[in-house]
Amino acid sequence: LYVCAVFVNGFACKDPKTALVEDFFFSGLHMAGNTSNKQGSAVTAVNVAQIAGLNTLGISLARVDYAPYGQNPPHIHPRATEILTVLEGSLYVGFITSNPENKLFSKVLNKGDVFVFPQGLIHFQFNYGTNKAIAIAALSSKNPGVITIANTVFGSNPSISGDILAKAFQVDKKMVDHIHAQFSEYAT
Amino acid sequence: LYVCAVFVNGFACKDPKTALVEDFFFSGLHMAGNTSNKQGSAVTAVNVAQIAGLNTLGISLARVDYAPYGQNPPHIHPRATEILTVLEGSLYVGFITSNPENKLFSKVLNKGDVFVFPQGLIHFQFNYGTNKAIAIAALSSKNPGVITIANTVFGSNPSISGDILAKAFQVDKKMVDHIHAQFSEYAT
Amino acid sequence: LYVCAVFVNGFACKDPKTALVEDFFFSGLHMAGNTSNKQGSAVTAVNVAQIAGLNTLGISLARVDYAPYGQNPPHIHPRATEILTVLEGSLYVGFITSNPENKLFSKVLNKGDVFVFPQGLIHFQFNYGTNKAIAIAALSSKNPGVITIANTVFGSNPSISGDILAKAFQVDKKMVDHIHAQFSEYAT
Amino acid sequence: LYVCAVFVNGFACKDPKTALVEDFFFSGLHMAGNTSNKQGSAVTAVNVAQIAGLNTLGISLARVDYAPYGQNPPHIHPRATEILTVLEGSLYVGFITSNPENKLFSKVLNKGDVFVFPQGLIHFQFNYGTNKAIAIAALSSKNPGVITIANTVFGSNPSISGDILAKAFQVDKKMVDHIHAQFSEYAT
Amino acid sequence: LYVCAVFVNGFACKDPKTALVEDFFFSGLHMAGNTSNKQGSAVTAVNVAQIAGLNTLGISLARVDYAPYGQNPPHIHPRATEILTVLEGSLYVGFITSNPENKLFSKVLNKGDVFVFPQGLIHFQFNYGTNKAIAIAALSSKNPGVITIANTVFGSNPSISGDILAKAFQVDKKMVDHIHAQFSEYAT
Amino acid sequence: LYVCAVFVNGFACKDPKTALVEDFFFSGLHMAGNTSNKQGSAVTAVNVAQIAGLNTLGISLARVDYAPYGQNPPHIHPRATEILTVLEGSLYVGFITSNPENKLFSKVLNKGDVFVFPQGLIHFQFNYGTNKAIAIAALSSKNPGVITIANTVFGSNPSISGDILAKAFQVDKKMVDHIHAQFSEYAT
């Protein structure tokens, strides 16, 4: 149960007289996330779950770490636009527009480059180099949400029927079963 | 280039004295869409592209037709919540919550049932029966957008790199090439 | 006391881990409402009062049934635009723009036609035919509200002073008393 | 054709370098409106039509003058809440809640009293005294709109069918014709 | 702890059946505030703290009294645009645009004049005459907030470091100490 | 004259078929701004003026560089909340709540710390150390605006009257003239 936050900048749910400076603070964004996983990336989120004072204020941050050849795989934020800047390394990034064009806008980003991923569109970042990469991303919601496409479609709990996915992705059901198995770690 | 619409309910871009009743009207939602396609479904959209008077008013409609065993495959609306009611037939429908739960909420809907798909979440409808099905959907935007997951990920123009998709979906690159080929019709 | 709803798509008031698929579901929109009343119409609403999961999501549905010569009399939704489609029969519909033009935009709708009633404007639907009619309406609020003009003005509880209404409608007070009596069923 | 306004507080449509102090100014709210009309009241509006700089800023003002026994008859603002304060005289004011309660909240206001009329609800002010009254009202929209119930329902252009209104107000059609005639001044 | 208010116009936190007319009412705006203070002005605010029914409705009022040569010193409303009208006397008013122009828009207002102060911009009113002045202001928030620049910068609790303020205002630290002392009444 | 931007994520003003990847891109945030100025700091902004594709998307970025003992002096963003993270060095930061408390919330931030400055509140960052410092800030508006308090109050163009400022800051007019002179570089 989320107990909403502080009052300092408008009517919220807590007596402003009891708000503390810690309600606006988070520590640790200088530390690399653990990228020892299948995608080779890690997201450290700083949103209203970490900083209660963000309640009603419409913004949050995240740090993304990428191992060499690591990627933040295709995903969407259902409630936010993202703006990202590269602190270290290089990234190949892109987003795809909605139907019917499904046009890929992609670009190689180097240190100091900034890129925008508009609200709700599928996007990704790929570290194609031999060194690690680091990015800082800002999102236009206190609680943007993340939907990683492959995990959500093939690793939901319970699973989406194989018949539906086979037809959606135009593959046979055996292939769907194979992909489902890769994401079984996410299921209960 | 979108030329925005009428003035009747607030300041927009056209002299309200020249607004016509046709600016608030659309005809033809009683006609079935053509479901002779791979997914066996058809969406007839009625949004600001069809009714200029919807500009600034935050709502639109759609009719969805489903052939037997047809489906409206997993997709998202980047800017809208959807509420759907079944006019004819039965549908197995669902949506999946965001990370980390990726919980599938699913249900069989019969005639007269109503279901909500919250903004930006992946959802689908599947006609598991031997008869056609029909639904009416309303969306909380004049221009909700549609992102069909498989088409967008595997049929974008140009294609997303096979390396990225192979790692994202945990399959080998040959399989990605195979799926890409299924969606080549969407690419230029 | 409204206890707000589920968490699935953003911070609301209930632990998302306890959300149920029933929180997004309603059953019965295929059943005709009872039109045996003075206006010859019935509205079956499906909003946040029926589907708790609509909380914060900005949309709702309604089914409207019309007996022959029945009507959904002039009314407004104080917090929503409406988009309506005719499932069966024919309707004469209209809305009136605000001061000083007070222009009536009206049209005969047949099966499959769609019409928009912009937020807060007075509008009506009249079944001028000898058969029943059915429409589905979507509204751009989880809780659009309905203000039926005649009932609200002449059937409020307690009554608005007859002097005020006589002058407003430019009739004598006896006539106001007469109309008040017609709506006494609505008063306590 | 509305040409939108100035840039000072955010992206609008005009070069901020050409904005003038006059774009934020209006003169004359100290002058009484002419209350020599059937309702015995006059509204002097100061919204985006008078002050271009209000564009996108969500607020406007109005002065209302009331002759003895004059009234601002039942009306709604489709896009705004109103907050009113009495500068001179006394007013009996009220608003009615939406269906199904249609509860009248009313009160006598004296000099210095403040009252709120929530968005989209029918409300009125009546000067029951023998002296003139003056009020200042603020509205939560640059372009709130006004729908005077009686004028809009019985004085629209063209007229709403007498059959519809007779049934809506539960009177015979002759009475509707009579009322229509009172508002013929508003029709073309 | 703010307990939110009434339900009449949308889902809020209190059973609408228990809402009272007093929840929409405030009394006393005809009475002059006490201007016997250093700035020679007094603001009487009427917002959601005074009228619980304003909750969610996006508007509030205030009366401002000015002694001869009194002023409402430079301040901002962090969450609202202000529109002000002069009831009595004359005022020299102004606002300054944001960086880099910092352009002063100023004007002398007489009785009945109206002026707009866009959201978040620094603004002031000065009564340069020998008579008192009175204004009514409306603000586009139920809880607009007030930040009086000098009091906030030099009278915060605890104080901002003198080094920071000396550099910001390009004065020596002794001067900052002097100004701090003037505002010590505001500190604990 | 601002010519608004691209269409990719909703109806804007330019044909989406002509949108380019450059409309979502900016380069150079890795380069330090020039801190050789009186305050010893430099802000490099990346908002809709630099990235046209941010139009309607509600977010922007900035890099802030601080020389040793440099500061980003007390300022406000009239249309945005800010969330900041320290990339290098240490900063003493704070914001002050609105009247009547004017409470200072302050904290020393080290590398990796994150802090929130709520919308419209006065805030500052001071590099109290002997090394340079760097921060990345995200803001909840495509066009947040910046109002540096001292520059705006004492360096506006034309100047605010010395009488007004002397009374506001409780200093004599000679002191105001002195401060005005420090900011004459900003005036025309």
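Order as written gives the chain letters A, B, C, D, E and F; numbering starts at 1 within each chain.
The rule is simple: a residue touches a chain if its C-beta (ideal position, glycine included) is under 8 Å from a C-beta of that chain, and two chains touch if they have at least 3 such contacts.
As the structure is a prediction and not an experimental result, all values here were calculated from the model.
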Q: Please decide if copies chain D and chain E contact each other with the same set of residue positions, more than half shared, or with different positions, and reply same or different.
A: same
Q. Which chain's centre, taken as the mean of its Cα atoms, is farthest from the centre of chain C?
A. F
Q) Roughly how far is chain A from chain F, going centre to centre by Cα mean, in whole Å? A) 27
Q | Whole-Å gap separating chain A and chain D, where each centre is the average of the chain's CA atoms | A | 48
Q. How many Å are there between the centre of chain C and the centre of chain D, using C-alpha atoms for each centre?
A. 23
Q | Touching two or more other chains - residue numbers and ranges from chain B | A | 9, 78-79, 101, 118-121, 145
Q.
Using the touch definition from the top, list the residues of chain A that touch chain F in their complex.
A. 8-9, 16-17, 19, 21, 24-31, 46, 51, 53-54, 57-61, 80-83, 85-87, 95, 97, 101, 105-107, 111-121, 136, 138-140
Q: Would you tell me which residues of chain A are touching chain B in their complex?
A: 38-40, 71, 73-74, 76-79, 92, 94, 96, 98-99, 101-104, 118-122, 124, 126, 145-161, 163-165, 167-171, 175, 178-179, 182-183, 186
